[in-house]
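In the two complexes below, subunit A is the common chain; its partner is subunit B in one and subunit C in the other.
== the complex of A and B ==
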């Protein structure tokens, strides 16, 4: 006879399994804290102090930095500019990226070539490319103004006009992120089963618009949410073009969140104040990420 | 409903030919199964008929009208896909209504908000809703109309796909392995349901399958395809009883037919392994005799064999026996009670009662059972 199975108490080995589970999760757990959560927590803690870089000691400052932010005109300009930048560049990137993806998917040949062309800006250094853009946007010799003039419009001083500078930067942002949006959309397009288009043709519609409206767009839901979130987060991080091309000017018209943070934290050495701006920035990123997760869970999935 | 006619359809993918001049006639209201192993071109043929794929040669006619160059949407055919191809973001109601909306509403009237305000839209939509409700009711889907496909079982999805095909009363139904994603029990039920539906609607159905039981059980006629050719088109029983060629004979039936090299002896008697059998046939070089597993009887005379293995399947048993002279293994189907008391290693005599004769090319030859003759033969 074999031993009767024990009914009460923990199954033998259950304890060991638990330990093994924690042990296996440990490397990821440690790395997450060391690389992401730890630094974020440090920044948030720092934002509640009055520490300036180089000072020998720091004191608890409560919400002092945040109250100062609330009254800081530059911070509000910076936040407003960042939101405008995101509001312009994200829809434009998503729309153009989707268009490019659909056109390239539909191309009979040369798909890899087109994909590479559009993806190049993503892979290149924006700092280097900023030189090219500075030249392109130059008021007299720049290619953009030459084109504008050739079309019969007035030349503009793109980067030095307070009304245009932020839009010019947003356009550069679109140029830079378009390829990434396109590649993500292409992956999404390839996941749409082809027989849905065939079913649609037999149901009575094979035109480009109906195909897009009835199959492509609704089935691209998950990819769309993902691309929007990624693009929004990337746009929030706009910094290098501002730092190189406009330095926040003219008249603070391109002052954006990260640029303000860097100025406070590294130029004026007001580390705790910079940390408070960073905390605001992290808050936006967190909201975007949560919104993406929530949407993906709730709406965009049909399967 | 309409008759369908395919005339010498040819198709190649790149340099690979997949259809070699296939011709088929399907009568109005007929259920035709296209049966063949995977890669035989049956799905391609169906897609050419649907207008999803162009053909390199030949003509497709619906009710005598040449539709070869027409796009899929104007052919008025409905298709049930193997994957069902339901729109995942739409409810069951939306899925069933889609073909009607696309056909009856103009592009403007279909616009999300504006369309509803246009004159006539309301009346057309009401008509569509009534027809959707009726079709859903006839397939037992009424309670599921507001669900999404992801919330349905496989069998329910399959019925939604049927409903979407039925709702606009197409000229013919094309079905591409519609039951292969269902489990065995559901498949049996769905088979009956589709056949009953086809009879009730008087529908022309062209049904692609690789499952011979499905084809035999459902179709009025079965077209057996292999390597881009139609080998034979016949009613299921005729196909089984009188296969036109060795290929068809081998393809149909499970376990497959036993094929034995034969010889036409004196007086046209058919001999296998030197034993004269009670059949005679016209003279022929290298003929082969085909005997189905149930075509053998355990007898006192006939082909000597030794029993190698017995599969007892409940109601019947399959015997695997090695023939005396050549050692070739044949399968024999007998009723369970005939197999009681049999054991491996035992010697048997197998007498073919029903058989088929094929010539060198594999084509069917006439074969006559030898009648009991008076003494002088």
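== the complex of A and C ==
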């Protein structure tokens, strides 16, 4: 990982360096355990008990919570919805973010302005903007339906239609995260050496599509994997829009993992059951991270 | 390079302008509604400007129906405390991880990387239980404490500190400076640019954070801006859009304005999350062209001690 520490005593002052390092690291080290690592371990331990919030005793429950999850209809709906949300919003965010990045990077003028416009939603308060979206998705006077009607399609009650609510939330997610994907892609694009494009032009192939297919796409591979992983992990954490716009409804159609976790852990006070849902959530995040690492390693071999 | 012709360039800008319009539409709608009287909000055709200005009433209602000023103050207080704590803990540890030789370094860094993988919502239930036992729920401390540590900050600053040349530190040691003095007087002053970017990110995240305050805070007067807006929207339940949009404008404005003013630092900061990407595969661009690159410690840093590509953080 890092170069091996030199044996103490090899150099005058090495001992002092050891002490200083421990002291400098100590506050962060303690806080890291108290606020992150400790509670993360505690969540996993708690998920093997049947503790409800406020009870005096803790009893071992084995895999009981996980077995209950297995038979819990709401949990499966929640997991399915989360996966649909991720499956819809991640490809859309990545594709649109990449398109925006390529178009903006290639533009002769106006780059900073475009970048500011596309990035603005990332820096804004999602909760406030969610309410704006609620208004824009209003069935009668909303901006979206006025546009839809003007284009000749049927108006929809987006947030109250079980078939559409999750998609509407995914669209809000895409709007919010697109700028982030774009900025990360722009960094990736800038890292592509310009002489490759020049070499391609010497070969006589200088069409936009050829440039994309033969240089940009292959060299952007690692950035693509990285952006997809970040977006997937972020999408798994969808909560704000659900909590304030739909509360999991209509008919559980927007029930997502974190919302189910909060409902069980904090509203119904079933802490241990909520902990089990948290463990499942953590598991998915770790799988995504491992998949990213694996893909990047694999790419590196013939990179 | 491809010859630029007029038509593709026009097409490019047409697509970009259309996209930009979609991205900013919600902001335009938000401000437009915040200026309108209730009657015009539900007009069948959307207009940009109100026929009858109602801005004063809407913004007055936003500040009087809920303690909006208090929410903003809470937001500033909470984000300031969190960043102070994050910087105070992350900088020393990052410096120790980057430049000092000590027995636990490998393990400590492995733990930081492990902690980076844990989503912020995972510790929520145990933290809630702990705060309940310490009787800290529903207080400023409840909002602030879980965010006092930023492993991302540690990681970011450690990557930066690795670019500080070893010779500089060796020279300071020869001059008889203590390890603490070196950290304080040599390392910290070099770290302002990445620290500023980290400050931007920390501010965005914690100003906008909804999940944990939603769980830990019940009292209206302790609400952070997003939570306050949620309270407001619950009270009004979709009836008075004008004041609600006024409140949303007020809460979003500080970040949006700060972003427009310090756009580069924001974007750089976000791009630096890309440090997690193995650097071998991202060749450094020429220095002057890309602000993100000039900023990033790994690339074209003026005082880079070792030539050749740096290794990935955990490769």
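Quick note on the criterion: the second predicted complex is superposed on the first by the 263 of 303 C-alpha atoms of A that agree within 3 Å, B and C clash if a C-alpha of one lies under 4 Å from a C-alpha of the other, contacts with A are read in each partner's own complex, and residues count from 1 in each chain.
Keep in mind that, in the parts below, contacts are C-beta pairs under 8 Å (C-beta built on N, C-alpha and C of every residue); 3 or more make two chains touch, one makes a residue touch a chain.
None of these values were measured; they are calculated from a predicted model.
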item: Touched partner set for A:160, first subunit B, second subunit C, both or neither; value: neither
item: First (subunit B), second (subunit C), both or neither touched by A:201; value: both
item: Which of subunit B and subunit C A:193 touches, first, second, both or neither; value: both
item: First (subunit B), second (subunit C), both or neither touched by A:218; value: first
item: Comparing the two partners subunit B and subunit C, which touches a greater set of residues in subunit A; value: C
item: Partner chain in contact with A:275 - subunit B first, subunit C second, else both or neither; value: second
item: Partner chain in contact with A:52 - subunit B first, subunit C second, else both or neither; value: neither
item: Common interface residues of subunit A - those touching subunit B in one complex and subunit C in the other; value: 193, 198, 201, 206, 303
item: Contact set on subunit C toward subunit A in their complex; value: 1-4, 8-9, 12-13, 15-16, 19-20, 22-27, 29-30, 33, 41-46, 88-90, 92-93, 95-97, 100-106, 108-112, 114-115, 117-119, 121-130, 132, 145-149, 151, 154, 173, 178-180, 183, 204, 207-208, 210-211, 214-215, 225-227, 229-230, 233, 238, 241, 244-245, 247-249, 251-252, 255-256, 258-260, 263, 266-267, 270-271, 273-274, 276-278, 280-285, 289-290, 292-293, 314
item: Contact footprint of subunit B on subunit A as seen in their complex; value: 193, 195-196, 198-206, 209-210, 214-215, 218-219, 221, 302-303
item: Subunit A-touching residues of subunit B, taken from the complex the two chains share; value: 50-52, 71-73, 77-79, 81, 83, 85-90, 98-99, 102-103, 107, 148-150, 164
item: Sites on subunit A touched by subunit C in the complex; value: 1-2, 4-6, 8, 13-14, 16-18, 20-25, 27-29, 31-32, 35-40, 42-43, 46, 53, 96, 99-100, 103-104, 106-108, 110, 112, 114-129, 131-136, 140-141, 143, 146, 175, 178-180, 183-184, 186-188, 190-194, 197-198, 201, 206-208, 211, 222-223, 226, 230, 233, 236-237, 239-240, 243-244, 258, 261-262, 265-266, 271, 274-275, 278, 281-282, 285-286, 289, 296, 299-300, 303
